[in-house]
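Next come two complexes, and both contain subunit A; in the first it sits with subunit B, in the second with subunit C.
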Partner chain A sequence: MSTIAPQFRLSRFIGSLFDLIFWVILIFSLVGLPIVFIVLFYIKLPVINNQLMTPYLAMTWMADPSRTLPIVKSFMHTTIFKVMAFPGFGFAALLAAATIFVERKFLAKMQLRVGPLYCGKIEGILQLMGDGFKLMSKEIIIPAKADKPIFWLGPLLFVGAAGAFVSLIPVAPGWVVANPNVGLLAVFAVIGFFPIIAVLTAWAANSKWTFIGGLRALHQMVAFEIPLILSLLGVVILSGSLNLSQIVESQEHFWWIAFLPIGAIVFFITILAELERVPFDLPEAESEIVAGWLTEFSGMMYGLIQLGTYLKLYAFAGLFVVLFLGGWNGPMVWPPFPQDIITQGITIGPVTAKFPGLPLFDQDMLNGTLWFVIKTVGVILLILLPRGVFPRVRIDMILHTGWYKLIGLAFINIFIALGLLYAGVLGPGGLLQ
Partner chain B sequence: MTTQLPPGMHLETVDDKIMTLNVGPQHPGSGHMRLIIKVDGDYIVSCDPDPGYVHRGEEKMAEYRNYIQNIPHLERPVIHDSSNILYPYCLGVEELLGIEVPERAKYIRVIAAELNRCIYILYWLAIYGIFLGHSTMFMWPAGDRELFIDLLEAMSGARVTHAYLVPGGVRNDLPSNFEERCLRQVEYFEKRLKEYEAIFYQNPLLKARTEGSGILSRTDAIRLGTTGSVLRASGVDFDVRKKEPYDVYENLDFQTIVMKEGDSYARSRVPYLEMFESCRIIRDALKKMPKSGSVRTKLKPNPKGGNDEVYRRVESGRGAIGYYIVSNNRPEPYRVKISVGSFRNLICMPYLLKGEKLGNMPAVYWGLNYWPVEADR
Partner chain C sequence: MVDSVFLALSVLTIGSAIAALEIRSLIYGSIALMLTLSGVAGFFLLLDAPFVAMFQLSVYVGSIAVLILFTVMLVRRELIFNKVEDKRRRYAGIGLMIVLMLGIGTIIIGSGLKTMDTNSPAVDYKKIGEDFLTYYSPALIVMALILASSIIGAMTLARREDVIDGQRAD
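Moving on to the complex of A and B:
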């Protein structure tokens, strides 16, 4: 027997909406309000401008435009905003989502197909959302003999490590979540976590395919981590700093890619390998080992791994931009904020509205963000390009490339940097600085 | 504690270094079959192919249907190459029943067979591409197949499983503007094929991965009884179309593609180059074809074969397909034995994969031009 869905009726739909609103109000007033009052009774409310800052007063202030903007502005400089929204997770996740969409359409155009088309009416722009909801609603299946705590921990650790990586990338002057003086060392430390997580989850899943995939990931990432670190030493030698923001500031006149092209090429190839992207996607080679170390993940656990992968992609592209392409440096193209609005406000007929606290962002920050985003998107597209052109390589080829060729090239790059430094051309106190 | 094993059985000695992998039947890198692969690190110690998951008893089914009813189900083992798998059956039945085929039908059959060969090879090439992780090479041939599928649809009315070849000719005549349309599609198709060369066959990573892997020497290829592109990639000049020409192949201008290397790269390249030859054959056949005439000799209702037997074979996309048909004065054949190229090429798998790296497994496996459904019949 099959169940036939009842026909849609507008009157019933509206009736159900009213039912819903009724229940929401009822539950809120019976349960929600008492909870709010109990909480208010116990917490200590702050006193601002000689007034007790009750929630009602805070809402009143928020509704007042002359007070809204300073509150929003001060919120934007809190750590929680930086971590969650702008230079941190939200910004990166937005760019990552855009990346996935662009990747699918871009690859589809290369392969003479259309890609996602229907979801969201305009060129399938909501496809990713649909995929996300699908992943969330799927059942999470864990193999019976898996080491469950570590298996559960794997995706969380992966996203955590990717988030830590994202937090180190400076987007605009002063806009970075964590700005340690040993920023580049911190980046190396975070990158070092990924193979460990891959092997841990692969081993915990207790399957042959994940085991082989995990070992492949380990071999590949370890083989490419050394040329990665060596290829960045040239930048450190020339800029004289490990702080990523200072490295960006040192490229105000010249981008390091102009002097260290070999280092940039080596770093780009190692990015492809660290991200397990084509042609180095052999830890996930589906025709040999099903899905490699991701074989046993399902539902949102797989979704988290994918999220982490794309955050990592953004972070690596951002690192490339910061180290070789001058970060946020670029010609000032963002128009300055009109001074009239700050001093005189906006006059519409008889009403003059003043907005103290404007502008929300200064010009440098917006301009820097613009250039950073443009460069990062360019690098991401370059990272995506090989997927349509190359087949997968073999494990012995990848190890040979990593251990012989790239390390040699990275050393040549270091010698070039040292030559430029000791010839007095670049570096602290050099001719061109 | 002492457990007596049945006679003839023995416990396998377990080696800690050896890991057994079941590639298939549920694996993205296998067809409807299983490869039991033992690996030592990254090297394959032994490979044991296990076909038979899609055995459908086509040969037995053929004994319960008459010569015409057999047509639609005999093409099921390989629906992408359905004209070629029906071809030897039609030739054999014509010989058994003593039917003369009209000249125009012979040319149309050749055109259908060559179009179908291209469709099969493109499908095969698409899977070869995705097996090596080259997603563009998956999409392009899968899309370009449509050109010839459309042509065959115009000829026969079906996109796959055409059942177009029948004993006595072909089912129906060509549509009116077929010649012009076919030449246009073939011309465009050849242009597309040249683009594959740049993105796939001249790709340095592909060459590094497949050249010198899974080498099958000329003597081994003959000794193991391989056929089709595998045989020709090992330097043996054997093509049924040339050696035992059937229908009008002897009048047509084409050559056999032979490569000497015998490695995975050669095995992937021979079918690709054969598609150019197929295009040549189609052009030539369209030129030499009689422009009008009958395309089918009508059979008597429920025809009976004599007390006779016949063996005919043709060259398909996967090698020689042979039909051995025995009749005993009845409307149904007494026995139909199908010898297919896929099964004969599968025999090389343990020889080729031994000592190879695990990463070479997809290239070697799919390079053998093996179609599991056809091998199981």
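Moving on to the complex of A and C:
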């Protein structure tokens, strides 16, 4: 006799089946149909093959291959795709994840260690996934006397601010999530939120280590925000725009780093300080104050902070590329899409398959993305490099550097830019355009 | 759409302003103040002035709110505040505020603001910069002088000759 269902009766089983069907129909008609109608009313649907897309037609895309690619293509130009996948969160998170792994291997090689080795057989390539699962499965511990709302909100706000920063970085011509006319000012506004989040979470955890780390983070970030803003003004003066895409377009023939090397160096140093990386990693100095303002975080809350940190790293590297290294500009190396496939389709033996709407991405976009990624990865490696080389510096030396030397250098940079502008060499209406 | 956003922003701004005044915890009060300032930035965005909105965010939320947080965290509050609980004072304050708002409101409405053209395009920030350097240049110079003198004054006040730093590397 079965011990699983000792009271089994066929009539009750059939009755429960009818019950299930009833609930499915009820929920579908109360929730599913309204969703379909909300989509119909409020979302602007594309016209595909001279036919307006409706949710009902969308269901047929699996059966009708001539409709599949156009639907995918029109989906790729929607805002939701841009936010979630390509120039936005997905792309940045992928690069950030790759950065974490590369950082560990790169530092290990630099210091003649091995680095992650066992997880995933080949050079520990699955280490990152293992760490992720570990973080997700760990318990989230909240200190007893912590200020719970702020402590919970901290990591979320941090990732949110990092995501807002990522959304402003243009990756390829036209491929940017948010393209405001005052893009660079928006970057400054977003950067201003990070010290607040750091010091609030540090205070909320109610621990000495976090609070010391938070105060250090605040000192350091506030001190380095000013040279950061000043060092970028040279680029704004010469390109005559605050829009990041227009700044990239202004570097079609030469990069601004060729004319403003001092600004680029100052900006690079402030990036290191804003990202709390060695040699400016005092806020999380692990040999003095446990982990600084991250001490009390555990489990996925720590994971979120880590994700936010690396998103921020990608965004800063991307900003450096956009402002000084010419963004997506570069020689055309991506091969064009073969014309035969567009006009005649793919012929295999007797069968010819035509794919309408085939070049899914245009050549400019792929080439631009390629150059942007190459440059960004280079800058990210440069940001990672000091961690294997330099020791940590003292807080008074950091503040001295930030308040005295970098601000002075940033002003020299501004005067160089102004000189080039007034000499009529560069800038709007200059000799070199 | 704009109306509902305006309503939400108004509720956020005024609600958090009241919270900033009424909440006992100083940290939460300063967070509420940050929300108020962000709400004001939202109003500027609604008014097609993204330039001012971004400066509102980066200066007020990014710097001034940080300064307030810093002060609140570093100073023991018993030293700077003493509680005065008085119902009558509160009602008098509310009454004074209502009278003030009504007065300012009548002045603004009477000033012909209602006839403003709301469909004109947003002002380009380049135009703002041009006006600053040409028509309003005396004001700009005076502002720069005031800021410079206040910075120099702050540095003079903060400078202390009696502290000898033996650890200085340079």
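As a working rule, the second predicted complex is superposed on the first by the 373 of 433 C-alpha atoms of A that agree within 3 Å, B and C clash if a C-alpha of one lies under 4 Å from a C-alpha of the other, contacts with A are read in each partner's own complex, and residues count from 1 in each chain.
By our rule, contacts are C-beta pairs under 8 Å (C-beta built on N, C-alpha and C of every residue); 3 or more make two chains touch, one makes a residue touch a chain.
Computed from a prediction, not measured in an experiment: that's the story for all the values here.
In the superposition on chain A, A:D396 makes contact with both subunit B and subunit C. In the superposed model, A:A423 lies in contact with neither subunit B nor subunit C. Looking at the shared chain after the overlay, A:D281 reaches subunit B, while subunit C stays out of its contact range. Once chain A of one complex is fitted onto chain A of the other, the partner contacts of A:L94 are absent, as it touches neither subunit B nor subunit C.
By the touch criterion stated above, A:I27 is placed in contact with neither subunit B nor subunit C. By the document's definition of touching, of the two partners only subunit B reaches A:M110; subunit C does not. Once the two complexes are laid over each other on the shared chain, residue contacts for A:I14 go to neither subunit B nor subunit C. In the superposed model, A:L185 makes contact with subunit C only, not with subunit B. When the two structures are aligned on the shared chain, A:I38 is found in touch with neither subunit B nor subunit C.
According to the touch criterion, the shared surface of subunit A, contacted by subunit B in one complex and subunit C in the other, consists of residues 394, 396-397. By the touch rule above, subunit A contacts subunit B in their complex via residues 107, 110-113, 208, 212, 278-279, 281-282, 285-290, 387-397. Only residues 19, 21, 27-29, 42, 129-140, 143, 199-200, 203, 205-206, 208-209, 357-362 of subunit B touch subunit A when the two sit together in their complex.
The touching residues of subunit A, when paired with subunit C in their complex, are 147, 150, 180-182, 185-186, 188-189, 191-193, 195-196, 199-200, 203, 215, 218, 222, 225, 242, 394, 396-397, 400.
For subunit C in complex with subunit A, the residues that touch the partner chain are 27, 31, 34, 50-51, 54-55, 57-58, 61-63, 65-66, 69-70, 73, 124-125, 165, 167-170.
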